[in-house]
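Next, two complexes with chain A in common: one pairs it with chain B, the other with chain C.
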Partner chain A sequence: MSNSTMTASDRPTQTSMAGLSGWLIRHPPLFTLLLIVLVSLVIGAISPQFWQVANIFDMARASVVTGLFGLGFLVVLAAGGIDMSFTAIAALLMYWLTTATASYAPWMPMGVVLAAAAVGGMLLGMCNGLLVHYLKAPALIVTIGTQYVIRSFLLTFIGTELFVNIPMSIEDFGKYEIWRVSTDNGSIAILPAYVLVLVVAGIVTWWILNRTLMGRAIFAIGGNSDIAERLGYDLKKVQVFAFAYSGLLAGVAGMLHVSSNRLANPFDLSGTELGVIAAVVLGGARITGGSGTVAGTLLGVVLVTLVNNVLILAGIPSTWQAFVVGCFIVLAGALFATRERR
Partner chain B sequence: MCARPLRTAKLLKGHLLRNAVVDRQLNFLVSANVLVLIAALAIAGPSFVNVYNLQSMAVQIPELGLLGIGVALAMIAGNGGIDLSGIAVANLSGIVAALSVPLWVSPDDAPLMFAFVFGGVCLCVGVVCGLINGLLISRASLTPIIATLGTSMAFSGISVVISNGSGIRLGYIEPLDDFGHMAVLGVPICFALFIAIAAFIGAALRFTPFGVRLYLLGSNAKAARYAGFSQRGLLLVTYTISGILASIAGVVIAARISSVKWDYGTSYVLIAILIVVMAGVRPSGGYGRIVCVVLSATALQMLSSMFNFLDISNFFRDFAWGLLLLVFLQVSRIDLRSWLVRKP
Partner chain C sequence: MNSQNPSRSVNPKAEADPSAAGPFLELRGIHKRFSGVYALRGIDLTIEAGQIYHLMGENGCGKSTLIKVISGALTPDEGSILIGGREVVLSPIGALSAGVETVYQDLSLLPNLSVAENTALSQQLVESGGHLARRIDRTRLMETAVRALSAVGLPTDARFCATAVEELPIATRQLVAIARAIATDAKLVIMDEPTSALTKREVENLIGVVDQLRAHGVAVLFVSHKLDESKSIGGRFIIMRDGAKVMEGNIADHSKSELGYWMTGKTLDVVRYRHGAHGGEPLLDVEHLGRAGAFSGVSFSLARGEIIGITGLLDSGRNELARALVGVSPADAGVIRLAGQPLTLRRPIDAIEAGIGYVPEDRLSEGLFLEKPVRSNIVAEVLGQLVNRFGKIDVGRSRSLAAKIAAELQIVAANLDNPVQSLSGGNQQRVLIGRGLTINPKLFVLHGPTIGVDVGSKDTIFRIIQKLAGDGMGVILISDDMPELLQNCDRIIVMRKGLIAETFEAETVDEDTLYRSLLLER
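Let's turn to the complex of A and B:
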């Protein structure tokens, strides 16, 4: 299935069929890049609006939260686990911290709130890691359980109402600009500063995975935990670290979600985890662990954001989103399964 | 002193007795059911066990139970087997049937015919969806999580597209409504059907080559390869059955609430997994009993009804279920067998 799609698209480049598909299979993120280019070209041809600065800035803004989730999920996945609870962690912290800051300490600077969210997310993530380690059950099932516990804790004990009076510091943070462009038709496109958070998180994640001993340990445990343990890697430490890192990024992502939307809705973010998993898998990370790259993940995030945001520009009703993303997952999964068989 | 035949008979009897006593998961689930029932009686009073409440609990079990059996089959097959697409298949089959069947059969003129065609169309959709899952997993070697995650998004995507995102009302169609609500001899029809299906699948797992091979595949894939049966065929059949079960759940949903919508029961994916884990199905494959899945579904339903009686919010119920899932993962690791067996 995937082969036929690829050959259809590479005909103009005159490359030999087998050579290109082999190359793509060795470098899975390139398949995602190809899909991004294809989608962009097609939609750009149909609707000139696509290439406007405002639209591109919108997409950058929309991909921040998904991107942070995706990087956290990547680390957990690389360590051989699966995290289903990050959206619940983000929702709990964003709602709790926003309401608490508003009622007790509205003067609190955003830096402190972000740090609190990061620490809170890290602690919840550590609980995930410890549970996965001690229950010896699949991480998927454990984190489905913690997702339920965390989300319904929020809705039962903290609140279910939309909260709009968010503190000034949080609101202002979402308004910092790094780039303002006046477009031809007089409107102004703004690239908000919090996009930089994703850039920093990407660099840090890349550094952890590729330049530290912990990164080595994560890939080793994700590849084969038995052998890695025999080599002396500490399974518990690595699992707790991976889940804690994912929780940390989730906490930060939750606060960014509040400051970009200027309201805190406890029902937000639930159900977005499937899109995040789709992005990471499209980025070439194996669902069974032991592989994955930051660049691939970010490409996957861009692709999913693209599908979610611009189908409407091409005149395709937004009802097709889920279908298209689902097909991309199956397609990418089939392609990577071919890779593993070789 | 004892004659030989007598001794073997005694041994055999001991063996059977021990088998009955020793399945700790079964004991545990039976006692969980009893405990919940006692707690509910103590809290909610005798009205908890009146016919009306029992029946209303019984008609709510089949949906989740059928999805749970589907997940259990996929899990037993091992190698990370899981079916996340259940509720998506159920909703898709209901929506396809609700949109297409009125074109051929008028629900007013031939209600019985309508109900049967409705069920038939649902089953066909279930078979197709199950086959797609099965082919992706067995032929294209996709990891079950990825395959069923992708197809669940794709299936609900199709549901959204063809229903335009809104619910479809079926109206009152007598035979279909009866299937969802009516009781024969005190037992609701859909619950009886669920028990029959569960018994059938339980028997198939226990007594047919299909079951033996499925357990073998789940417990030791390498041994299964040398056993010389077609693993791909087995996986295909397993996921197809799971799809069919999901589509039956779709019929039950349509019959019970007389309407279909693409996002009905989005949390069912998680609850089905909870039921299966509580039932002691081993997540890594190779072990699981359908009778336990049924008991685990009834325990959860009684618990949920008890919360309803107490007027506790749904959010707290979800909280309790999440905690339960974690507790059961822990409990199922404590082996009671060792001290149960050695006593005599």
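Let's turn to the complex of A and C:
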């Protein structure tokens, strides 16, 4: 239905793609939304605890790091790349900056630490972008390589021990509240202020992708890099930007992870890449690049967080989480693939 | 101004444009070599505003290289490029901002971006000089898009503007590409084989748009193989051979055979290739064949040694019929009998085993393994017969089979181990035909066998087809190139809306009658 009349009349078979599935195929994020609603209704019916403010706040909190990773991954994916190194970048910066701040400058305000994490992540991301561009190698391979290198660097040169004496400024940042609600059973539910970082990152990412030439260049390159180059889009600039942006968000995400957990574990975050990729793909972005939306990605993040956090409420063992996420991914993959096949 | 081009100033249109004091673009002595091999040798060219040019020549003559030089994708080794009388060094973005817009065969559209963005974003990119850290002026984007889209007669409503280009049919995409040229205020639009994927009606529409461009003082440079079309469009021609310009002039002043001669250096037959009567024993019998949503009730029969042409508009079901006959997208109703045996064609392998050879329409995406050697491409369908008892492919036998086919079909390749993408279009097509022949087919289905193939290669391919039929093979030729069908077939089936509309004897029907039959009920 979103096709013009012209297309419709030229492809008579296409209009048969009516009904719910056709509608969902054309608007992938709605599919994600539908799954979120379904899961919420089911879990909510089984366990009334689900709809409690404390649970909602918990999920918001749990979405932040995945959300930041997801936004970064979306930008790289939209530009036709894949980034596997963001968790390693986040782990390196969070551990390094936390331990360094604690030993040399415990008075350092959180704003400066966050900025350092952002800049550090950006620089590492730029390295990814430059490698991908100049080696003309698949981004998947290059970033798996850099992931290993960064992780090994962290564990060899920076440290392997759990670090709990995190500086006050970092710890305090995780405690700022924007909303405190007293619940019926006397406990207190708190929405921490750092969820705003995800909100801001979402808005900025949306603005870059939709309102700047860089954003359109990202989609152009992701759609067909040869054609985009021919039209005058600078492949190098776009690739470096996309990976740098992903690195920047990864750095910030790493620090928020420390802030909210009040400890720095160099082995944390490792292995969460697939969950992030799952979220972005569930949000309707094609794995082959050139598509995806911020809204879809955030919905995907919510869906994955939901499954990871609330199945337990319904009495489903946590080992089933991956099963459910996996089924959703296969379902989404099958649905969105029909969009390509037409 | 330029003494090398005496017949240049005959066009009054150029003088009508007040801004054009001199030619828009001039090339002087352009040389380009690739690892020592000449692609261009001393090309001089003058492009005047508001004039139409046809750049002609066989595959490999240097046309594409020349286009890339003009559009800034390649830098010449020697020679100079002048735009508006000033010498320039062109980059892709530089050429665009100078007003040179190239519409390649793939149309250079970004499939995932919207119609509006494809149309009007280049304007803002060019203005920013390629800098990407800029806000998009969305109001202006839409204004420009609406202006340009309406200039080529496309809808301008918000829904159409927001449609992703990949969802549009090819003819509409082409108009979007032209709209982009208008949006960037192009002075010269280069179109690389723009009509190869279009039906006649769409071609006429395109020609109308080109006329409008010209009326706005835009020069248009066509790169085309279709002499008929070029003649009907009119304007000037430039013929290249072996990297050099061999002739230029007014296209109306020369006959097709003259033009063909300059392109190939040899005289070409423009007569019917098909000689002699058909009517051997029956080979193929198709009864009430159908596929939901594509075609239905298709019945025809074909004798050994007979050539049947099938044509129709894009939505006529001819492509789907071809794919059903070779098991690519199976029919869901009716019967296909080959030499009396009923066939079940559910997958391509069923057709191969039944002895049906197939040359698909799009050799690049459906036919060839582009990066693989010519040899591997030729033997790809008979690998099973080439393995020794350890399951390893016998390279010696593979080589000799490929060499035999290459010799039979006059495939010109420096080395059969070179990637097939290094061959010219005509040779690539012959590789595909050769692959089809390795299975010794009884029936050969050729889908658009000469799309994007130059005149000389066309001649060779037609002769091959005739020889195959002469040896007793049944041939089905699906094409929208009317002269091709008329020259080669015994009978021509015209399809409309999924049905067989009419069948003609190729010897007695003429092109006009065929076209009229094709377009009826539209």
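To be clear about the criterion, the second predicted complex is superposed on the first by the 324 of 342 C-alpha atoms of A that agree within 3 Å, B and C clash if a C-alpha of one lies under 4 Å from a C-alpha of the other, contacts with A are read in each partner's own complex, and residues count from 1 in each chain.
Everything that follows uses one rule, which is that a contact is a pair of C-beta atoms (placed from the backbone, for glycine too) under 8 Å apart; a residue touches a chain by one contact, two chains touch by 3 or more.
Quick caveat, the model's predicted, so the values are computed rather than measured.
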Request  = Quick one: name whichever of chain B and chain C touches more residues of chain A.
outcome  = B
Ask   = After superposition on the shared chain, which partner residues are touched by A:Arg230: those of chain B (first), chain C (second), both, or neither?
value = second
Query = Touching A:Gly145 in the superposition: chain B (first), chain C (second), both, neither?
reply = first
Query = Does the superposition put A:Gly333 against chain B (first), chain C (second), both, or neither?
reply = first
Remark   = Seen from chain B, its contact residues with chain A in the complex are 80, 82, 136, 140-143, 145-147, 149-158, 160-161, 164-165, 266, 270, 273-274, 277, 283-284, 313, 315-319, 321-323, 325-326, 329-330, 333
Remark   = In the complex, the residues of chain C that touch chain A are 71, 73, 92-93, 96, 102, 104, 106, 108-113, 117, 121-122, 124-126, 128, 130-136, 138, 155, 157, 159-160, 162-163, 167-169, 172, 293-294, 314-315
Query = Mind pulling up the chain A residues that touch chain B in the complex?
reply = 1, 82, 131, 135-138, 140-142, 144-153, 155-156, 160, 271, 274, 277-278, 281, 287-288, 317, 319-330, 333-334, 337, 340-341
Key: Complex contact set, residues of chain A against chain C   = 2-7, 10-13, 16, 211-217, 219-220, 222-224, 227-234, 237-238, 241, 290-291
